[in-house]
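Structures for review follow.
There are two complexes below, and they share subunit A, which is joined by subunit B in the first and by subunit C in the second.
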Partner chain A sequence: MTDLIHSTTSAKRTERSATASMTYAIFLAAGLAFLVIAPAFFYPIFLMKLLCFALFACAFNLLLGYTGLLSFGHATFFGGAAYFTAHAVKEWGLTPELGILLGVAGAVVLGLVMGFVAIRRQGIYFAMITLALSQMFYFFCLQAEFTRGEDGIQSVPRGHLFGLIDLSQPTNMYYFVLAVFVIGLLIIWRFINSPFGMILKSIRENEARATSLGYSVARYKLGAFVMSAALAGLAGGVKALVFQFATLTDVTWQMSGEVILMTLLGGIGTLIGPIFGAGLVVTLQNYLATSDFPVTIITGVVFMVCVLLFRRGIIGEFYASRLGRKLGFEHRR
Partner chain B sequence: MTMIFGIPLQAFLGQLLIGLINGSFYALLSLGLAVIFGLLRVINFAHGAQYMLGAFAAMLLLQYFGINYWFALVLAPVIVGLFGALIERTLLSRLYKLDHLYGLLFTFGLALTIEGTFRYLYGAAGQPYSVPPALAGGTNLGFMFLPIYRGWVVVVSLIACIGTWLLIEKTKLGSYLRAATENPVLVQAFGVNVPMLLTLTYGLGAALAAFAGVLAAPVYQVSPLMGSNIIIVVFAVVVVGGMGSIMGAILTGYMLGIAEGLTKVFYPEASNIVIFVIMAIVLLIRPAGLFGRDA
Partner chain C sequence: MAVSATLTDNEPRVVLSARGLSKNFGAFAAVKNVDLDVRHQRVHALIGPNGAGKTTVFNLLTKFLQPTAGSITLLGADITRTPPDKVARMGLVRSFQISAVFPHLSVLDNVRVALQRPNNLSTQFWLPMSSLNRLNARADELIEAVGLKRERNALAADLSYGRKRVLEIATTLALDPKVLLLDEPMAGMGQEDIGTVSSIIREVAKERAVLMVEHNLSVVADICHHVTVLQRGEILAEGDYAAVSQDERVRLAYMGTEEA
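Coming up: the complex of A and B.
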């Protein structure tokens, strides 16, 4: 009897998840089609900024949503990689793809160091430690020679991709950024659906049990941390080329807070939620940039409202809504 | 001139004093954080904002009502404490059942809102708050010149720290607090109003931060950014000390303040980051913190 019930529910579940993946595929195709034709309707620079932050937020969500670690220091990887890429391209004359690779490599090193120290504590302590370490990196950037202090690294050339494609053309640059964004998302999708990603989810759900099953929890956490740092670095490196500068703004704790907000607003632990969150935050900032009303107040209020009333975020609420469930989505939390 | 480790004694003692003053603020703030965390299990990110509110309250009380430093030293903590209690009762208390990270995120949002509002109203630049006449000037100790106000800050914050410690360790109210930290359900079953205790604790923590803010007003400039600059350092202090013990939080605050001051003498470039470096080293050697009990 119980077996029967079990098998029907599990059959229902497979059916449901089949509908869900159908809906998902349609969503993704529509989203991608929109992004391909978007430059006809919006400023390319705005779209590129959006894509960079969306990738950054997805990278952050890899850690918070799928491993359950709240890092308050992700600006280090984003801004750090921006500095490395800008320096490599401008001072050493590297091609853009090599510059970005170097930025990612730098972010990996920073992620290894910060992760190694921070995973020694859990929960709230982890958040505080990452925040403190990223503040240390901020002071390093403030004083180091190559970052040029308050000025930042200015007028970084975009150069030619693979020595062939001229990225100073906005259209070329846009499709390059879009390609990087899609590749980044594919990596994340592959990562969270791999055995490694499954173990990460089990650590999120019950760390003690994962340990007792024989998994080296610390090593998996460090792996997730470095992966997340690398992808955040990818976003940061590309951003340096888009705006052609790298400044202190990208390594401040406010930037770490912003990416948390994007993820929270869009939906922690959903693959596409952070993209929507990033879109909203970037649009809001663009809109408020012309008025003298400070963004911080709005950011702060949205933070509080999200935490109090809206913890699943936009996409999470949608999944949990009647329509979302009818379409076959499931969402806990 | 007397030299110590190749540094003029005057400069050495001067930086030691600055370290001691910074340490006093670290101690007061990390003490408040530890008290709030102990009972509410919330890391109060708004602690820096409440410290800033204390300094602003003192300045505004003087500007608009002509209320002097001494009354502000009592009034500002009361105002900010009530504000904190209100926030706890109406909003923060809804989050206790959830993951502790939500408390951190909520207070982070609160801090951003408060800071942004004050920045909007008063600009980012600092404003001076003059030292009260009774504590103006300085005294020559023979080996160094001591501005009286700075000496006062060190003494008063030490008294406040010890007072809070006594309140928690030696009084009836403190014993309720400690009991509720261990087992809130059981304490409530004994007829103690635990939700009230939580509100009181948060209010007390906020008031302590505001008290530190009033003390800091004449030393640093009163600026909307003063809170976020210090709170991250205080987080590092709390990680080093471990939040298990009140005395641990106080001692770590003073120790790291002095370490920072001494770094300014010997290797000024690193003075901004020395506390974070110490934090990293402590985490590698003793992850639970110097005085921590919880792993």
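Coming up: the complex of A and C.
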């Protein structure tokens, strides 16, 4: 009898996940279509900023949501890559795609170093070590020659993509950023839906069991950490080209906090949640930037409301809601 | 019923051995000077009252805990300072007292997680999930062997307690370990599952060594060749079940207080 119940629940599960992937596909197509025509309605710089932060938040979520590690130092990879890309493009005259790749490579190196030191610590200790290391990197950026201290690296040329496409044209730049964003998301999607992602999930569910099956847990966590750092670096490198500068703002601990806020707001452990979280935060910042009221107070209040009322975040709550379940979603946490 | 008590002169080789194994937690000595020899093709039981240190011995042997003193040898190699994941890769695989499954993975995926590493499918972050399908044949074999065929696609979290234990055994066997350490594999199981698991253990012990902690003494009498009795972290008695169960001290310490 219990067997019967099990087989029906599992049949329902397969059916539900089939509906979910259908609705997912429709949402993604709609979202992509919106982003393709968006420049007709919104200021391109705003959209590009949004996409950069959305990718940054998704990269962060790869670590928090899918590996269960709370890093308080992700600004290092975002801002660090911004500096590397800006320097490479402006001083060495590299093409934008090479500059971004160099930024990503720099983020990977930083991620390896920070991950190597922090990965064996758990919970709050992990968060504190990443925070401490990212503060060290902040002071390095403040003092180092190539970052130009308080001024930052200014007037970075956007250049020609592959030496062909002029990125100083806002439309070209927008579609370039959109393409990077989509590629970044695809990488994350593949990563979490891969054999490696399966091991990460099993480690998150039962670390001792994963160890007893012969998995060197620390190495898998380090792998996820470096991948997250690389994608955060991708977002940072692109951002440096969008705004044509790289400054200290992007390596501060506030930036590390902001990406946590975006991810929690949108819903940790959901692929698209952080995009909405980033969208909300960036939009708030944008519209409140001109008012006298300090933005941080508003985002702080939004964060408190989120923690008190919808802990799963916007998308997480939607998945868990009646409508979400009807559409076949399951909140996997 | 009981496995023959007469041991031949040609005892199979020792695959896992501990000498002078001790573990202190602060001033408390949880395990004191334990010597243990686990042999190939033998089912070895570790019994004793609650708090005797059985699970601590397991944690020491699998290196989840670092012993305070003593040495451990696995298949001729000294593993006293080897990390737990490496010990597992060397062929010593354990189960846990509190059932250790991956709750939000399906039964099939639980087994596939175990099969991934030996099949070099655990670090591939660029491959789709469907690449794991090549493990299905072996996974289904194991699932069927423990009688979980109908629950194949159910979430592990939805299984009953006894079925979770059975799944854990299937996952452990997936690694084809040389030495199997089972921490109370029958705890919380119904009679039917106990029968299944007993015959599985007997079957797997034909080609490997099994060390198990078990409270169900009829199971111990039924399938174990060798019994070690622990009390307050020390070995109280050793031998086959018939000899151990006749030992006065054992009767006093353990069997007199617990229904067999």
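The rule we apply is simple: the second predicted complex is superposed on the first by the 331 of 333 C-alpha atoms of A that agree within 3 Å, B and C clash if a C-alpha of one lies under 4 Å from a C-alpha of the other, contacts with A are read in each partner's own complex, and residues count from 1 in each chain.
As a convention for this text, a contact is a pair of C-beta atoms (placed from the backbone, for glycine too) under 8 Å apart; a residue touches a chain by one contact, two chains touch by 3 or more.
Since the model is a prediction, treat every value here as computed from it, not as a measurement.
Colleague: Quick one: classify A:Cys141 as touching subunit B (first), subunit C (second), both or neither.
Modeller: neither
Colleague: Is A:Leu327 touching the first partner subunit B, the second partner subunit C, both, or neither of them?
Modeller: Touch partners of A:Leu327: none, neither subunit B nor subunit C.
Colleague: Which partner does A:Leu161 contact after superposing on A: first (subunit B), second (subunit C), both, neither?
Modeller: After superposing on A, A:Leu161 lies clear of both subunit B and subunit C.
Colleague: Under the stated touch criterion, which partner chain does A:Phe196 make contact with: subunit B (first), subunit C (second), both, or neither?
Modeller: A:Phe196 sits against subunit C, while subunit B stays out of touch.
Colleague: Could you look at A:Met304 and tell me whether it touches subunit B, subunit C, both or neither (first, second, both, neither)?
Modeller: Once the two structures are laid over each other on A, A:Met304 reaches subunit B alone.
Colleague: Once chain A of both complexes is superposed, is A:Gly214 in touch with subunit B (first), subunit C (second), both, or neither?
Modeller: second
Colleague: Applying the document's definition of touch, where does A:Ala54 land relative to subunit B and subunit C: first, second, both, or neither?
Modeller: Neither partner.
Colleague: Output check: A:Ala75 vs subunit B and subunit C. Expected answer is one of first, second, both, neither. What do you get?
Modeller: It touches nothing on subunit B or subunit C.
Colleague: Would you tell me the residues on subunit A in contact with subunit B in one complex that are also in contact with subunit C in the other?
Modeller: none
Colleague: Can you tell me which positions in subunit C touch subunit A when the two form their complex?
Modeller: Listed in rising order, the residues of subunit C that touch subunit A are 62, 64, 83-86, 88-89, 93-96, 100-106, 109, 112-114, 116-117, 121-129, 131-132, 150-155, 158-160, 171, 175.
Colleague: Residues of subunit B touching subunit A in their complex?
Modeller: Result: residues 37, 43, 91, 94-95, 98, 100-102, 104-106, 108-117, 119-120, 228, 232-233, 235-236, 238-239, 269, 272-273, 276-277, 279-280, 283-284, 287 of subunit B touch subunit A.
Colleague: Write out the stretch or stretches of subunit A touching subunit B in their complex.
Modeller: Per the stated touch rule, the residues are 70, 117-118, 120-121, 123-125, 127-129, 131-133, 135-136, 139-140, 142-143, 253, 257, 260, 264, 293-297, 299-304, 306-308, 311.
Colleague: Quick one: in the complex, what on subunit A touches subunit C?
Modeller: Within the complex, subunit A contacts subunit C at residues 2-3, 6-7, 9-11, 13-14, 190-191, 193-199, 201-202, 205-206, 208-217, 223, 227, 332.
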